[in-house]
Structures are given as C-alpha cells and as structure tokens.
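These are the structures, in structure tokens.
There are two complexes below, and they share subunit A, which is joined by subunit B in the first and by subunit C in the second.
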Partner chain A sequence: MRRQVAPQIGWLLIVIVVGFAVVWPIVQLQYRAFIDGGSAFTRMGELPRIGDTVRTTVILAFLSSALAVLVGTFLAWCASLLPRRVQKFGELAPLLPLIVPAVAAVTGWIFLLSPKVGYLNMMLRQLPLLSGLEEGPFDIYTVKWIVLITGMLLSSFVYVFVHTGLKNMGQELEAAAAACGASPVRILLTVTLPLLRPSIIFAAGVVFLLGMGQFTAPLLLGRTSRIDVLTTEMFHLTLRYPIDYGLGAALGFPILIAGFIVVMLQKLALGEQRRYVVVSARSKYDARTTRWWAAGVIGVYLLITTVLPLLALTYVSLSPFWSGSLVMTELTTRHWKSVLDNPVLVNAVWTSIKTSVIAIAILIPLGFGMAFALLQSTRIFKPIRMAIDFLATLPMAVPASLMGFGLLFAYTRPPIQIYGTAAVLVVTYITLMIGHATRLQFTTLVATGQEFLEASKACGGGALRSLLQILLPLCRKGIGATAALTFVLLFHEFSASLMVRSARTQVIGSVMYDVWTGGVYSEVAVLALIMVLVTVIGVMIAVWIGGSESLKKI
Partner chain B sequence: MKQLDTIFPGLGRFALATALLATTVTAAFAPSAVYAQQSWNNVLAAAKKEGKVVLYSATPPSLGNRLVAGFKKAYPDIDIEFTRGPSGEILTKVGQEQSGGVDGADVFISTELEWFRARAKEGKLLKPVGPEAATWPAKYIRDGSVITAGLEPLTIVYNTKLIGANPPTSYADMLRPEYKGRLGTSELASTLLIAWYDWLEKTQGKDYLQKLRAQNPRLYNGTTPLAQSLAAGEIAVGAFGNITAFKTLIDQGAPVKYVLPNPGLGFEYAMGGLAWSRRLNAALVLMDYVMSKAGQTAWSGTGEGASPRTDVPGAIPAAAITAWDSSAYPPDVVNKYRAYWSGIFK
Partner chain C sequence: MQELKVEALVKQYPGRDKVIAVNNVDIEVQAGEMLVLLGPSGCGKTTLLRCVAGLEDAQQGKITLEGKAVFDASIQFNQPTHLRDIGMVFQNYSLWPHMTVQRNVEYPLRARGVAASERDKRVKDVLEVVQCGHLTDRLPAMLSGGQQQRIALARALAPKPKIMLLDEPLSNLDALLRVELRAHLRAIHREVGFTGIYVTHDQIEAFNLGTRVAVMRAGKIEQLGTAREVYDRPATEYVAKFLGIRNVLALNSEGGWMSDAGRLEGDLGILSALKGPLQMYVRPNAVHMSVGSEAAPSGGSFSLGGGRVVDALYSGGEIDYVLDVGGQTLYVSTHSAKTAFNPGDAVRINFAHRDALIYSNDKLVSG
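Coming up: the complex of A and B.
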C-alpha cells in the first residue's frame, strides 16, 4: 500500500507547486477584472480607440498565423524536394531565423524598411521605375507590415511541426498517386496536405496563439503610428503608477478566452490521430523527386528573414549613428566598446544567461517528471494525471505578455514578494516554459518506448537505477534538444521579461528596449547582435551535451 | 541602516532622517547657517562603508553619464549604479520598489515635481545635509527636500539635410503644409508633456492641437527616441525636444539643429533622496555632489541647460527659463487631460 501511495504524493506535490505557479497569477489577475461589478471592463470600453485595438489584435492573429502556416508548410514541402547535396543544410536553414530574436529581427527590419531612410527602401528607389519617389515604396510602420513580419517570424515554428510530420510520413500513398499519373501539385493538394492535417492544425493553433499575444512587432513598429494591440495596451499600463491591474486583466480576458478555445479546438481536431497513419509511418522508401528551385526558395527565405536584418544590424552597429546613408568610411567600433564597457548592459546579458540556465536546470527534471506522469504506462491516479495534463497545456494557451502581467501582479505583493530580484525572472521563465518542457520530453519518452525499462525491471533493476542507467541515456538527445530550444526561447524572451523586470534586475531583451527608447540605435544593434551570438553559443553547448542528432530533434 | 545606527545610536531610520533633517532644514531655509561638518564627516564615512549608491534618472543618457563619471572621480570609494528611463516609466518602477520594499533607487531625478513634493510632505524624502545644501538657493529647494537640480528650455529641432533655407522658428511653424507627415512629437510620457500641450493650446490657440494632429505627426516616447529618428531622417522636424537629448548626436556630426521658440516653455529636473533607500548616507553624498559646482558643471556647463547656482561657467542663466507650473497639474487634472489628449492624438 505504502509503495503505491508514496509516488502519488510526489505527483500531487508537483501538481500543487506547478499549479500554484501557473494558475495563481492568472486567477488572481482575472479576479481583479471582475470585482467592483466589472468596472474594469467599463474602463476598458472608455479607452481611446479600443475598437481599433481589438480589431488590430484579431487581424494580426488571423492574418499573421495564416501567412505563417502558408509559408511554413510551403517551406517544409520545399525542404522535402531538396536535392541530396544540399539537403542537410537546406532542412536546417528554415530554422535559422529562430536564432535571431524577434526583437533583433524587428529592429533589423526597421533599419531596412523605414519609409524614408530604410536601406532597402533607399536601394529600391534607385530603380528606374521608383526613382521619382521621396519615400517608400514600403512603410514598415503599418498594420500590413506588422502582419507580414509577424507571419515571417512565426513561419519557422510552422516549419518545425510540418517538416517533422512530413519526415515521419511514409511515402507509399504519394508514390501510388504518382504511379497513377498525378502531377506533383495534385499529389501535394490531394495526398500530402490532407495527411499532414494533424501537424498543420497543431502548428496553426500554436502560431495563432503566438499571433494573438504578439507584442514585439506591434510595440516597436506600431507605437509611433498609433497602432496598438491588446498586449501593447497592457504594457502601457505598466508604465503608469499606480498600475491599473484590473484594466490590464480586462484587456487580457479576450486573449485568455481565445487561448482556451484554440487549445480545445486543437484537442478536438486532433482527437483521432490514427486516421492519419500511413501504411508504414517510418518507411525509408524515398519516392519524392528533387528540385533545385526548392533550394532557391529556402535560400530566399533565409536571405529575407535572417541575412538582410543581420546585415542591417551589423552596419548600424558600426555607424556613428543611424543615418540614411551607406558611407563605409565613417564606420566605428565606438558603440561596441560603449556597450561592453557599460556595466548595466553587461550585467543584463549575464542575468539573462544565469536566469535562463537556472530555469532550464529546474524545468528539465520537472518537465521530465510531468511527461513521465502523462505516459499511459505510469501508475498514477487519473485526476492527478488530468491535472498535470492541464498544467502542461495552460501556459501554452496564455500569451507570454499576459502571463507576465499576471506574474507582475502576483509577485509584487504577499505571500511571495520577489519583485525586484532575479528570482522573479526564474519563476516567470519556469511558468512560461513548463508546458514546452513537458510536451517536448513527453514526445521523447513516447518514442523511447517501455521495453528497455521493463527489461531493466525484470532483471532486478530498481526504479532509480532504471531511470539513471536506462531511461536518461536513452532520452539524452531529446533532453538536449529540449534544453537547446528552451534556452533559445528564454534567452529571446521579451514580452514577459519586460513586464516583470525591475529597474535594476534586467535581462538583455528589456535593456535593449530601454536603449531603444532612451539611447542610441547603434547600441540597440550591438545588443541585438550579442543576443544572436550568445544564442548560437548556447545552442552549440546544448547540442554538444545532447549530441549532434539533438539539433535535428529541435 | 547599520552605519546610520552607528552615527545616531538608538535612532530608527525615520527618526534618523528627521534628525538629519533638523540640521539641514535650517541650512536650507537660512543659507547663512553653518552646516554640521562633524555630522557630514560621519555621513561620508558611513557612505564609504555602504560602498554604493543607486541613481535612477530621467535625464538623457549623456547627462547621466557625465554625472556618473564626475561622481566616480569625486568619490572613488563609492560605486555608482545608474539606470535611465522616461520620467513616467521610471517613476512606476520607483513606486513599485517603495510598495514592495525592494532594494532599488537611492536617489531619483525626474521631471515629476509634484510626485517629489507629495513624498516630501509624507516625510519620505531625505533632506540634504551636505555642505552644498547650506548655500543652495532657497527657491530651488521645495518642501525642505525637493531639489531643483537643473533647468532646461524646450526646443524645436530639425534635420538640416531635410530642411533647407527656411527652418522653423516657432510652434506656429509646425503647422506649415510642407511638414505634413514629416513631423514628430512626443506621447504623454510625463506630466511635463501634459503641461506643454496645455500650454501650446493656451498660447497658440484653442484649435492648435487639432491642427497639429492634422499634420499626422509620429508619436515618440519622449525626446530621446525622437532625437534618434530625427538624426536618421525618419522625420524632418521635432516639435518637442530638449538640448540634452540632441547634444551628443550633434557632437557626433548628426545633421541636427535646435531653436528656442519664443514664446517658449522650460522645465525643471527635481532630485530627491529616497527615505526607504538601503543606502541613505551614500544617497546624501550623491545629492551633495549633484549640487556641487563640479556636479552642476557636469550637468549644465556644456550649455545644455541652466543651473540654480550662479557660479557654473557655460550654463544658461536660470532666470532665462520659464519653467512650467507643476502645481497646476494634480493627478485628477492629469487624468482628465490624458483622456482629452488621447481623444485628439490617438
């Protein structure tokens, strides 16, 4: 009896601790929206242009996620058509935009597409057809461009899911269709895409939620042109003392409801996945014809999303100040020196690294435990498993900016008053990422199977020994991949960090915003490039720990 | 607190602040009074033991950096940590620190004069006790502890590459048809902005703001980001600016010039030592440095602003600046105006 009850207490403890971390801030915050007869909603209705704000939020969520699904799926299809010589790099290339933090990419794009002095705009105006223009042809400070850039940023996430789905899919049905004379496009539309439906639906849900909670692009691109979304309105509230948490909660309420609906729809739509299993899911049969133009498409995507913004950032980082001229003779390293000599900025980089690493050190075992609890073979009370499932899903349904706002409210007052310390960042990161850490490791555990574990037990190995000597080594690559992806996401984390940071406890994303609003743009460019460099180093370390195969698992 | 207890055994923090102030109030209101050198020596010794002082300031980075460099030179034994931000934004952080008991700012500089005055009335600001306080003009110490650390005129700024022979010289010029879509101004990043927009309506006509809005200006979060955009050429003219925000860019060769409009408005930077600070002695020392000739020369000796002191070479004369009247903008007026302004500009 004791042997049965003891582990349940452990699982229950996880439910209580994670439940408190995830549910408490949201419940407390939403409570503030509904007290006083819902007066917060009245205040929300009185905000200037709130109708426009809601409309822009919805437009951004739908259009950017639709664009991301189209681009991401098309890229995955192109990756599957890659000639063998470029296949290895070509399959990884659409992931490279993930190395560039959104805040850096958006900054790079401003330098490229600012209507009057954007470098790309200026070059385009040299073309005979556009030579009469004084500005443009593109204006990045518009809803259209916020949608386009958000869609491009999110397309990498869609690629991750759809590409994996495509890799795992057997090609027998496509081969059969080809044998019957179907053209590649017809095969794509009638066979490949319908089979990929689970991956596409899952990816669409994920990017819709990210689009709904999108913060970086509207904040940096919309503010000067009076374009707001619900999350930027929430952020503006945190800049006025005393903070109207009730109003913030009311602003976040529609996003929260949308999040729940999307997650429920995802679960409903993906309920019976066995329908999509092809005859031999892991077939090595390779029937697809290869096309060189597919490599060209991926190359252009990489150029647009990564190479051009990084080039613009590098140029501005070496310019005396951001100016609309391309004079190479005036380049200087002054801003690099200034950033590296500034203790506040250097400390922020270290705080980012430290808090991310500490959070990962907690997230990996916690997520592993929760993932283990979700396995059908694990003996666990059903209500506890359901609670763990819910806790692993909830953080994915709540956008980071809304979660950050809730965490700011929860941790600036008793019982846990940790605002102003690095601990609040660690707790924030754990809360945001526990869902990802659990789901990613769950996939690894499912793929590992139970046979080796059962064999170990049959040979007399204890639970701990089986875990340490069998399960963990088998899951090493998956854990390495989880750690790498979590590091990238945390080091790039901007929305929630900006909400919960204090003036003295900053991370790189938040100081970059401060430099953006109160400093020199060339220093913003330097910080953006440092973010990229540290991300690359972090991923390399995680890959070194997890083995080179773990990169593929990302 | 430990050090303070050493200096004033048996006194609590607030009792101590009061005791410190008792010495200084006299000095603040009667410049001829002699400040207590022995007490100040004790403060200096305790500040050294505290080892660090944290400054939050809404001044542009270049000014803040000059103050930091000057303080390091004057007090090499005391580290200084400097955080910059727009007035309203950084005020929120200070408020959160106060309510949450967080170790944060020791000294705070911002344009939110009324916030300082309210805290002073609650006894939450340190009264300056250093040698400089004894000779600081009484006009520039309000409520015994709110120090006017610098004054600046508001300017109009323009990009010399984009604006040719006929640059703007007055706020009326902001409405020139050729500036439509090429103009920048600031959001309500602080109460100063509210006072400025209100002043514009009063001096330029009731429909001025509507006409300014019709120019489709870009809205920036204060002068510093506006300055960057102006230097880059994203906008040609900035209706709201202060010299400090542009000086560094001009020195680096950016094609930016400023003009002082007539009539024009100015503003004050208020400074206060926070009584809930963890390093009270170091806070007093930093305040004293900012009020010193060296501190004021670092602040306004470059000609970017005016000093309450009369012995700062290069500074604009303080009498030449008409600062906005912060007492006319209590919180209820601010909230109403915010809604009114948003109705026009948002």
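Coming up: the complex of A and C.
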C-alpha cells in the first residue's frame, strides 16, 4: 500500500541512528583488530601473563555463572516454601543485593575479608584455633574469592528469572502431579524443573554473559595479586598513551564471540516469545507446604550479600581510618564532610545525576517507539522490525566494559569528537541502556494489550489522540518504573563510565575508583554509601510508581 | 439503500502456511439491517469484521461505506480506522480502565469534535438507552460483566456511526445474562435502528438478532439468508452439520433405497426423480418412534425398522433417545409426556418428508 510507505521512513531513521550508536563503535573497533594482518592478536599473544588472563576470564565466566545458577535457583525454591507471614518480604529479600552497586558491595567485602585488616578475618583470628595466624584465614585477593563474590552478585539475577517462572507456574500443575501419585522428588524432576527450564536457561545465559564481561570484582580484587581478566587488561590499555585500540579490540574479540554464541543458543533453546509468555495455571488456592528453615536460608543470604558489606561500609565511612579494629568510641563524620566539601567529588555526583537524567529523557521515548514497533506485526516492514529487535538485543549481549572501550575509540576521533565532554557520557548511557529501555517498555505494552488501542481507533481516535489519551496513560506505570530503574542502573554504572571518563568529566563510579587507587578507603566508603542511598531512593520511586513487581525488572 | 458493500475481499495472513482468512467475499448490508456472521472459530468471521473496521489490511477487494470507498486494493486506497465513522463492540469490551464511564462514552464524540453541550446530551441519552444512566462516574473495574458490555455498546452507539460492528459481544457473559442482553440488544436495534454486522458462533444468538444470517466456512460465505431460510433449508451439508442436525443417513439407490442404517421404507415416491448417492439429514426432534413390530406408515413420510433403544437421557421437558438402527447411531428427542421407551426396546422410526433435508453432491435437493 502506497500510503503505508511514509511512516516506514521514520522507523528507518530510528534504525539508522540507533544502529549507528550501537553497532558502529563495535564494528569500527573490531576492524582495528584485523587490519595489518591481525598484528593486534600477535601483540595480544605477547602480553605478559596473557595465558593466565584468558584462563581467569574463562574460569570466572563458567564457575561464577554456575554458582549463580545454583544459588539463585535454590533461593527461588526456598522463596516458594516461605511461610505466609514472611512471604512478602522474603520474596523480595533476594533482590536487595541488586540495590547495592557492585562496586560498593565489592568494597564492602574488601573491608571484611582483606587478609590483614579485614574485619571478618580479624574476628576469626580471635578464635582459639586460628589465633596463631598473622593474616587470613581468608584472602579476598584471589581468583577463588573473585569467583565466589561474582557468583553471589549474579545469583540475584538468576533468582529474578526462576522465581518469576515458579510464580507464573502456580501450584496447580504440581498438585495435579501429586494427585497422579507422584512423590515430591518425582514432581520436582518431572514437572517443576522441566517447566522451569526456559527460565533457568535464560538466566544461565544472562549470568554467563555478565560473568564473562565481569569487570568490577576482578579490577578491585585482582590488582593486589596481579590477577587480570580480558576486560581489566582493556582498561589498563586506556591508562597508557597512545591507546593501543587494536590490542583492545583483539582482547574484546573473544568476549564478543562468546556473547554472540550465548545469545544464539538462548534463542535456539527458547524461541523468542517464550521469554515473555509463560504457561500460566494460577490458582487462587494457596495450598503450599511451607518451611521456616527456608526463611533462614534467605536471611543468611541477605546477611552475607547485603547486610555485612553495608555494615562494613558504614563503619569504615565513620572511622578515622581503616585499621581493622572495631572501636566505637572514635567514630567521626569527618570523611562525610570532606567528601561533601570536595568540589571534584560533588561535581562527579552531579554529573552522574545530570547525564543520567538527560540520557533517560532520550531513552524513554526512543525505547517506547522501538517497543511499539516490535509489536506491529503488519504495519511495519519486517526487515525494520528485525533490525530493531537486533538493536534492542545487542547492547545486552556486549559487556559494558567492552562497549565503553569501543565508544571511547569511536568518540575520540572525527566525525563525532565528543570525548572530554559530558555528551560522551550521555551517548554512552543511551547506547548501554537502549536495549533495556526497549525490553522493559515492550513488556509493559504487551501487558497493556492491543485491544485498547484498537478500541480507540474504532471510536474515531487518530494516532496522536490514541497515544496521548489511551496508550500513555495506560502505560504510565510501566514507563515510570522503567525510568526510575534505568536511573538506578546508570547511577551504578562503573565499567563503561571508567572507560570513557576524562579528567573534566567524572561520574561517581569513576571518582570512586580514583579515590580507591589513592588509598583513601574511608572516602570510598562514603561514596559507595551515597550510591546506595541514591539507589534506594530511585528504587522506592520505582516501586511507588510501578508496584513491588518493578523491582524484579532490574 | 446499501450502507455497506464488500466486494471480492481477500485477506491472507503472512507466514509459512499462508492462511486465507477471508476468501473472495461479497456482502451487502442494507440500512437498518443487522447482518450476522455465523460460523465456528477460525472460519474468518472476525477477520472479515476487522477488515471492515480497518484493523486488518486486506490484499484484494473493495469495501464501500455509504457509497464511499474506505478500502480499495485496486487503487491502493486504505482509509485508517479512525476516519471510517464506525462503532465497534469488542469481545472483551476493551473499556479503557483509566477512564470513567462518562469519559469512555464521550471519547468517540470528542474524537469527532462534537461540542460539549451536545456531547453531554448524547452521552446521557445513550446511557439511558442501555439502562446505565446511574453509572457515569464509575471506573470500568467497578462494573459487572453485563454493565461493561452495556457501556461498550453505548460507547459504540454514541457517535451514531454509519455502521456498528459487534465482535461476539455476548460470549464472555454467563448463560442467563446472555439471554437477557440478547433481548435488550434486539430492542435497542429496533429502537435506534442502527445498521450492523454481528459476529457470533452461537446459532440462537444469530437467529434471534439477525435480519439476515451469513454462515461462513473457511473464509467464504456458505449460505446467506434470513434466519428462517437458514434454519429450515440449510444450503449445504456443512451448514446442516453446523446447525447441529445430528442424524445423517447415507442413501444408495441400488435395488430400492438402502441407507447405512438399513432399507428405507415408507412413501418413497418423492425420491424417484433423484439418483444416489444422497445424504439425508433429520433433526432429532423431527423423528418419531413407534413400537418395533408396527408396519411402516404409508403416506408422506419415511421409515426405518429394526431399531433398538440404547439409552434414554432425561433432560427436563424432553427425553433424548440414543438408538441403534442397523448399526448406525441415531438420535430422537421427544416430549417427555409422550410414551416412554426403555433401553433394549425394539423400535421403528418415522419422519415426515418435509423434515428430511436431502443433499446430492452437497446441494440441497429436497422440498
């Protein structure tokens, strides 16, 4: 139809602009890895300890994601056994680690498990059997602990998917199996787990990618004992001048390929729609068996992942200096004052807020448009829809650190030379989050249903009227929650920010790293707590707008 | 005058199997008429309705509303839904949950730029028509299913559209409410006199409401006629089956008329002009039973002997008998006040010529 061609041009424009933002930095960077007959790979082979680096990356990806899947699935199962009195809080509790930015959690753990002055280590050395030790018994600066901490950080993601899967499944299907004479173990093996398989596979893919691109924990924990992964090697490159982009591209290449394979395998194993549509057989009858020990398991998890690191951060932020001894009488607010009086740090916090807000102002309408396009089965040409789907998936498959490295390369040279300005942060944030903003609003649109829009058209409402009076009011909650959650994720952002920051454009994550390398740990604790506070406020706004379900969308 | 004219409409869904949902359909709806599209799920009736609404884009054909084309594939013209001046009632009502009843019903009037004073009057009037004048300030979530249905109808009626499109509007209601609203809808149609297309899979709904009824099959109109015509003379075996005519006899003319339930007896004169094979359809309530030893009645009816009662199902005012006649299962329903038979009884069945629907090559040839 002739008249249907005109609107396509607008969608095509979106594809071109977003495609440029998302694909161009990666393509251009990877091109550098292969010119000169792949000499970048030769340089990569000549890097000191490159074998160890690759091995650590692989170990970290596999072991931390395996740990995350085990812990996350077990937690989801425990949550399904929670007694009713603690059910509401208990189901949300495993999500709370997501509120603590990774960089803050890792810092908290350093305060607890640093071999000499970690608070937990000091306390353990008070025990009779360990009293002879000078340091330890635990050394957080090892691959083992990087894997453990990364696995714990990622387990919340697995919990989100598996818990949602369990919830949607309801108890009817398990009850039906029991009525057929199946034992609890048989039910678990023949009904529950097979039905959860899509959730578990999807979650495993997500955490494997996150483990593969893991940056925060290896960077902060690996420095002392010179443990590196591919992403931290890339970061080290950005600190030298001139930056060897070809080498960085070569380092990122295996991650990119792994990401591609994982996303393909996920799509093959699940099919596209399965991610959004779950077999539903919900019953109003709540005839679960409940167990109090399940609440205990979740409590311990919450204590380890959230409460202890936050306590350590709070204590260090109020101590004169981090010495490892717990003396309550000498607490001081000096570090809070010095952080709040330091224009560089305060500026960085403001830059974080400003760039995030500007990025969100662009991300929300753009993501809404892309989500809307994905839902149009006939009115938008299929190639355009496929391109939009691809662009909404790609940023989720490429680790933020790698994306950041590519963006640094793309925006330090013509045609778009914006490195050193706040604009590069805004563009980086948009690139990182466009997939997220699209997917979240897509689920909102799917839940809203097409009928309301059709009813508006049938009543004579034109496109603008339908959008303003029907679609936007109905999606208000989902859009608001998406905005608040995107803000939280951007305020947390550490990996890509660290790559594209410059002396003049610092954000909270990047100054925190500087303060950390400078050894002023008390101020690191203050900054980490500011991150947590702003996050809590953001999440509260999201929950206030979109209900407690929106927490699971992180 | 024709309010709506659909000519040679084709709608094919993309995808591997290329389902043709609407296959070369022609229909005309006269002003004030209610045309019912009747058929099982998947026959294309809803797709046809949505094509008229402009919610689906057809590939071929032409749709004209009040003499003006709203869709014409030959010149690639496709008027957007909101400009077609239609009123539509959706199966799940699709009342906007964030708007009150008042806002929902006045929405189409606002969209058409009707002045505020006129708007209020129209909303008030139309809510009176559907007997919901007291609900103006409620949100849809505070309404019962029946009330939601009435509001959805009011919303569609409010702008006095050229045509009303109703997509299974009663199918989400429970049985009693459905009967009540069916009568109400019929009264409103008489009172307001709108032109409409009504989609349903329920034949009683279709016969109650339809000025004319179109039975659809695999994207085509199988039969189009008044309710009476469709009920009395189903044009094809498909229509007869869809209407629930359960007794089917396959007849062969080799040495008299043999059916798959035994030799056909009685007055066979009217079959003399016909050649086999034939299919004979008889409604269960048109079949009469007598004691098995009786002879076949001679005038104006057909008869089959050698039957045996398998089961007798009491269902209130009627008894439904399941019979085995020469190896075929046949069904008879009789008024329960009549002589009762018991399982095992030997019976003979008779039915009048006028109740036998005879098909040759899928065409009705009797009567």
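Points worth noting:
Assume the second predicted complex is superposed on the first by the 507 of 554 C-alpha atoms of A that agree within 3 Å, B and C clash if a C-alpha of one lies under 4 Å from a C-alpha of the other, contacts with A are read in each partner's own complex, and residues count from 1 in each chain.
Keep this in mind: a contact is a pair of C-beta atoms (placed from the backbone, for glycine too) under 8 Å apart; a residue touches a chain by one contact, two chains touch by 3 or more.
Since the model is a prediction, treat every value here as computed from it, not as a measurement.
Of the two partner chains placed around the shared chain by superposition, neither subunit B nor subunit C is touched by A:168. In the superposition on chain A, contact of A:474 is made with subunit C only, not with subunit B. With both structures placed on the common chain, the touch criterion links A:412 to subunit B but leaves subunit C unconnected.
Shared-chain residue A:320: touches subunit B; no touch with subunit C. Number of subunit A residues touched is higher for B, counting subunit B against subunit C. Of the two partner chains placed around the shared chain by superposition, neither subunit B nor subunit C is touched by A:333. In the superposition on chain A, A:456 makes contact with subunit C only, while subunit B stays out of contact range. In the superposition on chain A, contact of A:243 is made with subunit B only, not with subunit C.
In the superposition on chain A, A:48 makes contact with subunit B only, while subunit C stays out of contact range.
Note for the complex: subunit A touches subunit B at residues 46, 48-49, 114-117, 141, 223-226, 238-243, 320-324, 343-344, 412-413, 417, 419-421, 502-504, 514, 516-521.
On the side of subunit C, the complex with subunit A involves touching residues 14, 53-57, 76-78, 80-83, 85-88, 90, 92, 94-98, 107-108, 111-112, 155-156, 159, 165. Residue ranges on subunit A touching subunit C, taken from their complex, read 1-4, 378, 451-452, 454-463, 465-466, 469-470, 473-474.
Remark: subunit B residues 54, 56, 60-61, 81-86, 88-97, 99-105, 184, 187, 218-222, 224-225, 228-229, 231-234, 248-249, 252-254, 339, 342-343, 345-346 touch subunit A in the complex.
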